[in-house]
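Given below, in the form of structure tokens, are the structures.
Here come two complexes built around subunit A, the first alongside subunit B, the second alongside subunit C.
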Partner chain A sequence: MKILCVCGLGQGTSLILRMNVETVLSELGIEADVDNTDVSSATSERADFIITSNELAQSLEDHAGKILIVNNYFDLTEIKQVLGGCIN
Partner chain B sequence: MEVLTWIANNIFGVPAFLLGIIVLMGLMLQKKTVSQTVSGVFKAMIGFLIINAGAGIITGALNIFQPLWAEVFGLKAADLGEFMGQTAFNVKFGSAVTLAMFLGFLINVLLARFTRFKYIYLTGHMMFWTTTIFAGIIVEAVGAENVSNVKLIAFLAIFMGLYWTFQPALVQPFMRKVTGGNTIALGHTSAIVAILAALLGKIFGNKANDTEKIKLPKGLEFLRDSNVITALTMGVLFFVGAVIISFKGSVGSEELIAQAAGQNFPMYSIIQSFTFAGGIAVVLLGVKMFISEIVPAFNGIAKKIVPGAIPALDAPVVFTFAPNAVIIGFLGAFAGALIWLVVLGNTVAYVFVPTMIVLFFHGATAGVFGNSTGGVRGALIGGFVTATIVAWGQYIMVHFLNATTIPDTAMWAADSDMFVLGPIVKALAHLFF
Partner chain C sequence: MKFLEKSLVKIDVNVSTPDDAIRAAGKMLVDGDLVEGEYVEAMVASYHKNGAYFVLAPQIAIPHARPEDGVKEASVSLVRLTKPVVFGNEANDPVQLVFALGASSNMEHLKILQKLLKLLNNQNNVKRILEMKTYLELEELLGGINL
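Now for the complex of A and B:
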């Protein structure tokens, strides 16, 4: 399973999101390949799930992967809710 | 003894290897598998080397942009002159920068542990760029031949450690207004424009006129794509400049047109602008790769040593709190940038490169903070203040502070806090080196 964390520039915010997603996944006992990138590169990268903010989600509507929206990248509870709901 | 010297020169002295070792330690501390460790170390090293490749592309395109607009404004040979460039600078001082980042981070952690300023700076790429630019200023001030590596590392580590701890603290009172809480802090070099926007918004703005009450047109999402917006702006600027040159008919114009080797000059210029955008995309890919390995390691260390730490995060974390303010702040910054481009060209004979990435992220952040105290007017003022600091700051940074070291990097990666603190770093460099 491949999860792609996306932000505007691919440098800071998507990395924070990726670290938190990895933490939540290990808590939930789920194994996945998690990567982070910018919205520009995300359109051409393959992924099962894309996690990003509301504004950026609109640019990725055509992506084959399922789009999951997280608004606060540092809120582990929100991430757990979103991931737990979709992957189980 | 010979072995130690050999190791110092050929391993620690080579930035990519030093970085690999730091990442290796970080991954082992996080108890990652062998496969993850090998992959992480290699990705960090490759990422760092990709930066050099990208820097070369950017310089090539900038070497056409500057003379082009200098000719438009009728300035005399306002080119960059002799300078080291990011690649050469990385080879000589990259290790110092990497070590200073790591030691500076440790100082941040210690300060957070033992004082009431419990902020841990986690914006890895800004750590890299800020340390690099300040290193460039010091080397420029002291002379590349005279600078002692040990002093450079020590000075940078302490200065950055202090900055990474106290910058978030200074912004926090305003950050609390924006986020409505105290769980995250701002760890970004737009701090000064965020603070100024919030203060000016309070004085001159109208808080009741909130940006989020406006309905902005839907089709503006492309503004969030940095490749698109950099190529678009630079494309327009290159094209307009090239068209003016095509009709100017001066000696300088003819020389510039000859560079296109027969291709239509405006078309050639558009390709150059897209090449510039491509160069930035390459550099950002490299930074992303190596920061992706360093920051988790830093985060792991910080979590163990500082209970109750407040993460100081990249600017976009505030964007979700006021998405319209993001656009309005950016538009204010963009308009201001165009005005300053003309003013700087016609007064101090400097061709300002409107760096879209900086103008977007800093203008947007200023917009959000300006809106929190002063509504729409606060956001616009924040954007304009951003453009002013960025335009004049870039001029001073490229022309004086980093003139013979890394003006190429300063032109697109240096930003607000670096511009404001740069002169202080230079003054301290003269004092201590």
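Now for the complex of A and C:
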């Protein structure tokens, strides 16, 4: 399973999200390949799930992967709910 | 690496627009010789191009640009705004804490983000930063969370 964390530039915000997503996945005992990138590269990259903010989700609508939205990047509980709700 | 040192933190900054808030936080990085002046304008330009997605949590914005936009050293500064400013992020507006991130291209970038996560993943820390009266309280906080 491939999870892509996406932000505008692919270096700051998406990396913050990736770190917390990796923490949550390990707590949930889920193994996945997690990567981070910017919004324009993401459109051509294969992924089962894309995690991003509401602001960027619209630009990623055409992606084949399922888009998951996280509002608070520092809330591990929210990230856990978002991930746990659709990844088993 | 320079992470929220005293010269990089300003409490009660009075601005009324997101651009000025980003510039206020960025200026401290420039004054500390941590980024070039053009990096600050790249942060503002990124906001105009990509929107307010970097408002990552309620009240918290983390503007940044690319390492090649003029970063000399991995760094994070903070301005706390006197009056909250609306950046255009539906879920997390208005913003009161602006952490400007000087994003370097080396391992220090990862380390500084880990520090930031450790600090901000704890809601009590955020509350204390919103309420602190002097820098000393942040210093205590940074010392206490074993970064």
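By our rule, the second predicted complex is superposed on the first by the 88 of 88 C-alpha atoms of A that agree within 3 Å, B and C clash if a C-alpha of one lies under 4 Å from a C-alpha of the other, contacts with A are read in each partner's own complex, and residues count from 1 in each chain.
Here is the rule we use: a contact is a pair of C-beta atoms (placed from the backbone, for glycine too) under 8 Å apart; a residue touches a chain by one contact, two chains touch by 3 or more.
Remember, predicted model here, so these are calculated numbers, not experimental data.
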Based on the superposed arrangement around subunit A, label subunit B with subunit C as either clash or fit.
clash
According to the stated criteria, A:76 is in contact with first (subunit B), second (subunit C), both, or neither; which is it?
second
Regarding the shared-chain residue A:37, is it in contact with subunit B (first), subunit C (second), both, or neither?
first
On subunit A, which partner touches more residues: subunit B or subunit C?
B
When the complexes are fitted on the C-alpha atoms of A, one of 109-117, 235-243, 253-261 or 397-405 in subunit B overlaps subunit C. Which is it?
109-117
Both subunit B and subunit C touch subunit A; at which residues?
7-9, 11-13, 15-16, 19, 39, 53-56, 71-74
Using the touch definition up top, name the residues of subunit B that touch subunit A in the complex.
122-126, 183-184, 188, 221-222, 224-228, 281, 284-285, 287-288, 291-292, 295-296, 299, 311, 313-317, 319-320, 323, 357, 361
The residues of subunit C that touch subunit A in their complex are 46, 49-54, 56-58, 60, 62, 64-67, 89-92, 101, 103, 109-110, 113-114, 116-117, 120-121, 123, 126
Subunit A residues touching subunit C - in the complex, by the definition given at the top:
7-9, 11-13, 15-16, 19-20, 39, 52-56, 71-76
For subunit A, which residues are in contact with subunit B within the complex?
7-13, 15-16, 18-19, 22, 36-41, 53-56, 58-59, 71-74
